[in-house]
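Before I ask anything, let me first share the structure, which is written out below as structure tokens.
Note that the chains are named A, B, C and D in the order they appear, and that numbering of residues resets to 1 at the start of each chain.
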Amino acid sequence: MDALTVKVAGVEFRNPFLLASGIWGESGASLHRAYVAGAGGVVTKSIGREPRTGYPNPTIERLDDWGLLNAMGLPNPGIKNYAEEVRFALSKGVKVVGSVFGGTPEEFALLSVEMEKLGVGSIELNLSCPHAKGYGSEIGADPELLSEVVRAVKKAVKVPVWAKLTPNTSDPALLAAAAESAGADAISAINTVRALAIDPVGMRPVLYHGLGGLSGPAIKPIGLAFIWQAYEKVRIPLVGIGGITTPEDAFEYLLAGATLLEVGTAVADSGGTVFHTLADGLREILKERGFGNVAEAVGAAHRK
Amino acid sequence: MRTTVTIEEVVRETPSTVTLRFRYAPTALPGQFVMIWLPGDDEVPMSLSYVEPEPLKGVTVKVMGATSRHFNQLEKGVRVGIRGPYGNHFDLTPSNILLVAGGSGAAVLAPAAEAAHRRGSKVSVALGATTANEILFRDRFARFAEEVFLSTDDGTEGRKGFVTNLLPEILSSRKFDAVWSCGPEVMMVKTLRASEEHGVPFFGSLERQMKCAINLCDACAFGPYHVCTEGPVFDGKTLASVEDFGTFKRDASGQRVRA
Amino acid sequence: MDALTVKVAGVEFRNPFLLASGIWGESGASLHRAYVAGAGGVVTKSIGREPRTGYPNPTIERLDDWGLLNAMGLPNPGIKNYAEEVRFALSKGVKVVGSVFGGTPEEFALLSVEMEKLGVGSIELNLSCPHAKGYGSEIGADPELLSEVVRAVKKAVKVPVWAKLTPNTSDPALLAAAAESAGADAISAINTVRALAIDPVGMRPVLYHGLGGLSGPAIKPIGLAFIWQAYEKVRIPLVGIGGITTPEDAFEYLLAGATLLEVGTAVADSGGTVFHTLADGLREILKERGFGNVAEAVGAAHRK
Amino acid sequence: MRTTVTIEEVVRETPSTVTLRFRYAPTALPGQFVMIWLPGDDEVPMSLSYVEPEPLKGVTVKVMGATSRHFNQLEKGVRVGIRGPYGNHFDLTPSNILLVAGGSGAAVLAPAAEAAHRRGSKVSVALGATTANEILFRDRFARFAEEVFLSTDDGTEGRKGFVTNLLPEILSSRKFDAVWSCGPEVMMVKTLRASEEHGVPFFGSLERQMKCAINLCDACAFGPYHVCTEGPVFDGKTLASVEDFGTFKRDASGQRVRA
């Protein structure tokens, strides 16, 4: 087995670098392209039941080379229309993780079933959707609601289920533990960090939606902290996300406890070449530091 | 990174089209576009209709819906948000170029043609519009073009009908080594076909949904390509290889709709 | 009245730029120096009952020009020893805000009383101290505990009380509302964002304590979001903190809803000259944009 | 920013002192220090005892407590974390310099003296130590110094007693235009006084708690100054104006303790 091969909940990925949800995920052709560019797998855009146009522009705001703000508003063509995109990617042999979002446990379950029918190998639940029942807070920040969703989905599908958690919480370990005990097979973290950009000339928020989410290098330390805390709490595998740009970043996430990694904002500058750079670089680092494979490095920083 | 520019000149080009000129430092190549933001309204992609060495850059906006109408009502002194330039650009090396433009398509072709002309290329132009007073940049092209062929849908100026009807004649009349086109996608499909028939390399500037413009969100997906980064200019071979071309684009939700 | 003069809960500051807590706050001479350098006021280091050495080094990790991680561990000489530092600063005419931290409402109250006795004009409660009763989570992330602390302190002192809140929460507005209804006179936000740095060579966390807090430009969008959300919820004044480095940053915080501002990490590079730069720059911006004074600009982005 | 260096040479200087040499690219001026980290142990400030043009930089560490003992046991090939250099440096323009060093104080003075010598300055050295085999850099100074005066607390080498006892004689023997000093703070206080008496400008390198080293945390507060940034080298006038000098420093909690 290659040093970069990773198995999560029985599903094998040829390397730990997956295309993050919401990046290049609108079309099957783009998913395929990320895979050809060297990704170990791809996570689809978060898909809902009905088509949503998302928010009007501006939907993104580049802050500097260290950060990006976005408020896309979960644009997606709805699960029915999206089916052909997933099928296209699968037909090309792409390892697809289907990402879904919903407002209720039932909706999450229904969408997951549809994804499973399409043939995806794993499902990622986007548990930081702003359309939530409850007291106006996000589903994913409430351990109760989060558990309900995970349980409902686990009951409905056989493929592994990953719970994607938000960093906008006072207690990452609590959320991780809730997901684990509800039956999640893995935890993905982090989604973007709640943030805002103001245009000092127009004297208003830049993003149409106002609030947005911060991604990119600036959130790497925040993602690492989440993975670190989750690793100390749960035993299911962790999918590290947030600012991964260089092979060193990836190695740090492994050391902190992540088994798989997702790459989002870094795709922007690289146009996909980042996947080869990351994989080659990580292979080098593992060898140099005496690790036989990815799994051996996972959580190593906790053992010091 | 986003910045703010002040509109320094407003030029009414046609009843439905206006050019806005502003000072914007980043170097732009002809064919590139910017994302331009009217705070409180939308942020939209616009090709640069004026680039270096002009002291003022510019965009030329045709009324299509609410946002472009808003642009058409802007006055001198207004400040708008801008980021870019984004995307690729026209290769200026061909020495005998035919432009085929429909509607606001002339906006992106004009600065490219001027730049090619400055390098010594010969440029001929086929301009289509719905009606006579909607013909865009007729005088601008006349200043340096070998010939300017006109057509209008209603026959009020030039040949009546679609601009593509002019192509067999023009392409037979002389040897071109490039066709550059921008306009409605059906027009570009026909222009590509005509160019192929005459063995002339084709380059077309495409429009798709744009959200991020930085190769991230996939809104501009065109087959496996991203129009914001690998386009908007594609060569004929690439266009012909992508099933989307002339058949479908994606709306803001990602659903396929007719191109 | 000068355009930069700001009044918060009856206390006047000559400009809105205060030295943030934990920066240059160990000695009265340093507090004085920040004031001489142009700060509108200074917030002391967070002071507890007993001397604490804080964590061993490394206590800080500079990530890049956009971010800094720290885990100082609340080093402080204890309120008794610190008294002479506060007295020195006050004797020089410095506008001092006394910052305190504690593990219980009583402790917060006791320390606030001591600060008031020393003569500080306002008190800032550091409500993100890791030494908390409750379920291991921080006091400041629990609206109940937070309210208890604020109520206890308000009962004990007459000077205005500011509640300094954490961004590590799912619901900033909820925390802000809790502080307001418990009687806080102002809200300061944000403290640092939970984060981690891993040393890929040593394969362990860089900071001795492991987890730390992110500050600097990278958290400006996070701080702006907090202020934005708090402004929509509460009517008490807001003290904006997080990544303020340039006059434009300051202006954006005002537009988002902050009345006062604190400057932390930016002091590092500037050695204090940042205060003049900020004040001069903001004065210029206000004039250019037609605002007669700071108060007029506060929250302006909400009125669009 | 922190980086990692590999110890390439370990030189035992005295029973309690070792020099560690490593390749570290950032330019350093004599007098500056680095923050050096033994993962798993502490991170401590150490003056650079070797700077450019030496191919290997170095620190010279005297055993004081647990961390410095750990440093004294390091072997070639070990990797340590490092950041810096930080702080100010010695002004190398004086032409007749007297060094007054106690204990590990010679570590920071040696590279400064070498640099001044290279520029043409004359350097004399007064070296103090507890006992003969603890005298640091005796040979290193001998290579270029006009004279090296020695003293030991126990009289096993040179004059018995504190190094400051040598000063009246040395300062009267010749005209110096600078005294540079580093060592225990009481020693520096006495040296400053002696220099003032002889009208010679004084410069001393100070030690205080260091945490951030970037002018932020105030751990290194010395009067209104921050030793990490405005020091570690201060001139005599500044030192004399700060009540802390020779009286108190702050421990890790910020409490005042005897200097």
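As a convention for this text, a contact is a pair of C-beta atoms (placed from the backbone, for glycine too) under 8 Å apart; a residue touches a chain by one contact, two chains touch by 3 or more.
If you're wondering where the values come from, they're calculated on a predicted model, not measured in any experiment.
**Student:** Using C-alpha centroids, which chain lies at the maximum separation from chain C?
**Tutor:** B
**Student:** Taking each chain's centre as its mean C-alpha position, how far apart are chain A and chain B in Å?
**Tutor:** The computed centroid separation for chain A versus chain B comes out at 37 Å.
**Student:** Where the centres are mean C-alpha positions, what is the separation of chain A from chain C, in Å?
**Tutor:** Result: the chain centres lie 33 Å from each other.
**Student:** Please work out the Cα centroid separation of chain B and chain C, and write it as a whole number of Å.
**Tutor:** Roughly 52 Å, centre to centre.
**Student:** Among all residues of chain D, which ones touch two or more of the remaining chains?
**Tutor:** 39-40
**Student:** Chain A: which residues touch two or more other chains?
**Tutor:** Expected reply: 63-64, 202, 204, 304.
**Student:** Make each chain a node and each touching pair an edge, then name the shape: line, ring, star, complete, other.
**Tutor:** Basically the chains just string along in a line.
**Student:** Going by the touch definition at the top, which pairs of chains touch each other?
**Tutor:** Here the touching pairs of chains are A-B, A-C, C-D.
**Student:** Going by the contact rule at the top, pick out the chain A residues touching chain C in the complex.
**Tutor:** Per the stated touch rule, the residues are 63-64, 66-67, 69, 137-138, 141-142, 166, 168-172, 174, 193-198, 200, 202-205, 210-212, 214, 217-219, 221-222, 224-225, 228-229, 248, 251-252, 255-256, 285, 289, 300-301, 304.
**Student:** Which part of chain B faces chain A closely enough to touch in the complex?
**Tutor:** 1-2, 4, 35, 37, 39-40, 42-44, 79, 81, 83, 210-212, 214-219, 221, 223-224, 226, 229-230, 250-256
**Student:** Which residues, counting only chain A, touch chain B once they are in their complex?
**Tutor:** Interface residues on chain A, with respect to chain B: 22-27, 29-30, 32-33, 45, 51-54, 56-64, 68, 70, 72, 75-78, 81-82, 199, 201-202, 204, 206, 208, 264-265, 267-269, 271.
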